[in-house]
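Sharing a structure below in structure tokens format, with a few things to ask.
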Amino acid sequence: MNDLKAKVKDLFESGAINLFIGYEEGTRRPRPLFVKNAEETNKLVFDDRCSGNLAVYLTRKDLIGGKKVGIAASYYALKSINQLVSENQLSDEWLRVIGLSADGKLLEFGSLAEVSEYLKTASAPPKQNEDELVRQIEAMTMEERWQFWSDELSKCFKCYACRAACPMCYCTKCIVEVNRPQWIQPWATTLSNMEWQINRVMHMAGRCSDCGSCGEACPLGIPIHLLTHKMSETVAANFGQNGDDKGNVLSTFKPEDKENFIL
Amino acid sequence: MDSNIYLPNLMIVEKITQEAPGVKTLRLKFKDEEFGQKFEFKAGQFAEYSAFGEGECTFCIASSPTRKGYVECTFREAGRVTSALAKLEEGDTMGFRGPYGNTFPIDEWKGKNLLFIAGGIALPPMRCVIWNTLDTRENFGDISIVYGAKSPADLVYKHELKEWGERPDVKLAVTVDPGGETPDWKGEVGFVPAVVEKMNPSPENTIAIVCGPPIMIKMTFPVLDKLGFKPENIYTTLENRMKCGVGKCGRCNVGEKYVCKDGPVFSRLELEALPAEY
Amino acid sequence: MERKYISDESLKTFINQLNDEGRHVYAPVAKGEKTEFERVKSFDKISLDHIQTTQSIKAVAFPRTEKLFSYTKNKGDVTLEDYNPDLIPEMVVFGLHPCDAAGFKPLSNIFNWGTPDVPFNERRRRTTLIAMSCTQSDEFCFCTSVNGGPGNTAGSDILLTPIKDKNGYLVEVVSEKGQELVSKYAGLFGEAPDVDKEAYLAKLSRKFSLDDLRGKISHMFESEVWKKQSERCLGCGACAFVCPTCACFDIQEDTKGSKGNRLRCWDSCGFSLFTFHTSGHNPREVQSQRWRQRLLHKFSYMPERLSVVGCTGCGRCSRACPVDMNISDHLAEIADLSVVTTEKEK
């Protein structure tokens, strides 16, 4: 921990950054913290309790516009950063990344390209829980599955915490807010909630880091991160992994791409 | 049971006027004639207009309360509801909830000179007051109107501008933005604040009413200051987004003032007391 | 206020009979880690162990999506069908805590400001609140800082306080509605035990002084504190939607062919497009302005305009927040501020 504090302090003192996005102790678990100067770095914590993908703040112009930013990035935040780079949202000119390895060591990245390199060999933290839940759902009949998701999504009140917590949801006007035509009914009912989640998840295809922040953010505990988890699996199986130099798998045509789904 | 404040009155579109590209005026008559005869409103008030199937939209009532039997609204096609309203034909039915909000204190203006300053699509809220005061002309001193739009085509109420221009008891200056003028344009060329300054109206016993896009209002206030108008003698309207129109949906407040209940008409004195969040 | 006693067994009978006579009974039901209000048809489904349900029970009077009226279009013509209050059932909410019961007053003041709101009032009129005092609390609770308390009777029709050593509850009959129910089922109620109610309630220390907070917050529109506090805010609507007093709504159109309904649905001042004008102008452009609106609305505008504080200290917003925007911490910070910015930023 002191490592991180010292490193971030150095970054402030050398003028490399004037804002650091990390975590501090919160009410029950660590929460995001915006550090503005070397003195405030003593509040920083960074360990495996730190959840919530901080990369979500990197597209918030009101917070980071014109600043030199450092960020504490978990494995999944690194993946999101890498994806945001490929979408031309981030630049070495203003961003410095400090990661956390699986064994709890700090990773200092000299550039965003190094983040990309690192991700080629780093393995994702296991998601046994999610894998197990997806298996349970897959074992259901079609009717049971429909019932499961109807029950879960009937709870949704469309607070859009899932969208707000997602680093990839940075559109200034979301499809749910477009009303000419009204693609998705903006009020909460089971069917319109499903429409929303299906659209959200499809928009993540090939971009999602599988961090699970959407599910974690849901105040009603709806396991929507299983949708993105399963989708990430499907995309990887059919079009290759995110971040393996193929670009955005669903917006980059490759001659070897599968076409058997086209009727 | 109380009556349902969200249930609109049905109105028949009696007449449609294409004012400018994308800008229309609808003249509406209450379907329930008896209700229509009893219906009253005052200059400055607004209403919620329904295009059934698309939703509701907020505009001021653009006709004068002195002209009985109908209300008019003028709007630019911009979003989903205004586009649907623009597709209505004469004889079609639409919805109307209102009148809502406060009013211009016309009664307090008796015996005073009036200076109307409007830009673009903001003439409609002012047109209501202009006709109201012209229809009770004997109550007021000099009446001057400065109105500007991007180009001659964008001017709304073209026939009425002509009528006002021909009246000996109205001083009218119509202007278009520099570069917007056409070869046959005979009015002023320049932005509204500059034309006001050139007109050099006396602040003596005069009320200035200013309606326009935020930037025009922002640039006009200093001109009025320079001319010596006191903040309590300058009026404008705020047009915040709203859904209910009656102080419940939570959108239109500026600090603790609700545009739907405390406005839309504010004197500049009142405006200065508001936080800068409009 | 009349005080009575009801045993554990009689309470069961009471609630079951309210259901049997056709009332819709809403009560907390535990599902996994969450407890939520649900319609229950038997007392056995009810869970009373929770500290707080995730959502408040405001939806009985202000549903997340509600029809305001219907219309039918026929060529250019339109016919309307007004809101029908006869479709609203008689409702009983059982097991809500005093902070939820108290929430109906701010809601009612909003919905009746100037003009009465029929859908809200008709639902509220048909709702009876049988609340349960709190015997436990957590670090997010702060009712005692906003004029409430774990045994506060305000807003309830009947308030029950568990008296463990008497195998039942102290019953406080707060309103006429409550009196009617108690009279109707008089056989289930006994004489009030001679106990000190306070001794059975959760102990909550005050986190801030409401007077200090109100004295400051109304004069600090331009303060830097909004920016600082809102940095981590993600701009979702979780806080507003779980709140017992948040009433902001949107009006939407649900059309199928020539028929349709005009709907009211929940909205949140935290959303970036909440105040967005069609022209592109947005009076509350950034999240700090929206956070300021949320707190000023509850602690300055509502007290000023509606004579009621827009917060009951239930702590739900803090529990629901994905980034731990702990409202009582933020309010305490404001109440403790020594310097207040009053200058107008231009």
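Labels A, B and C are assigned to the chains in the order they are written; within every chain, residues are numbered from 1.
Basically, a contact is a pair of C-beta atoms (placed from the backbone, for glycine too) under 8 Å apart; a residue touches a chain by one contact, two chains touch by 3 or more.
Everything numeric here is computed off the predicted structure, so don't read it as measured data.
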Inter-chain pair with the most contacting C-beta pairs: B-C
Chain at maximum distance from subunit B, centres defined as averaged CA atoms: A
Chain centre separation (subunit A, subunit B; CA means) in Å: 47
For subunit B paired with subunit C, centre-to-centre distance based on mean C-alpha positions, whole Å: 39
Geometric centre distance via CA averages, subunit C-subunit A, whole Å: 32
Touching two or more other chains - residue numbers and ranges from subunit A: none
Where subunit C touches two or more other chains at once, by residue number: 250, 252
Set of subunit B residues in contact with two or more other chains: 79
Footprint of subunit C on subunit B - complex, ascending: 1-8, 10, 50, 52-56, 78-79, 82, 88-89, 91-95, 213-214, 239-241, 243-244, 246-256, 258, 261, 275-278
Footprint of subunit B on subunit A - complex, ascending: 179-180, 182
Subunit A partner contacts - residues on subunit B that touch it in the complex: 79-80, 83
Subunit A residues touching subunit C - in the complex, by the definition given at the top: 26-29, 31-34, 52, 56-57, 60, 62-63, 155, 157-161, 163-165, 172-173, 177, 185-189, 213, 216-217, 219-221
Sites on subunit C touched by subunit A in the complex: 32-34, 36, 54-55, 64-65, 139-140, 231-232, 234-238, 240-242, 250, 252, 254, 263, 265-266, 268, 271-273, 285-288, 318-324, 326, 329
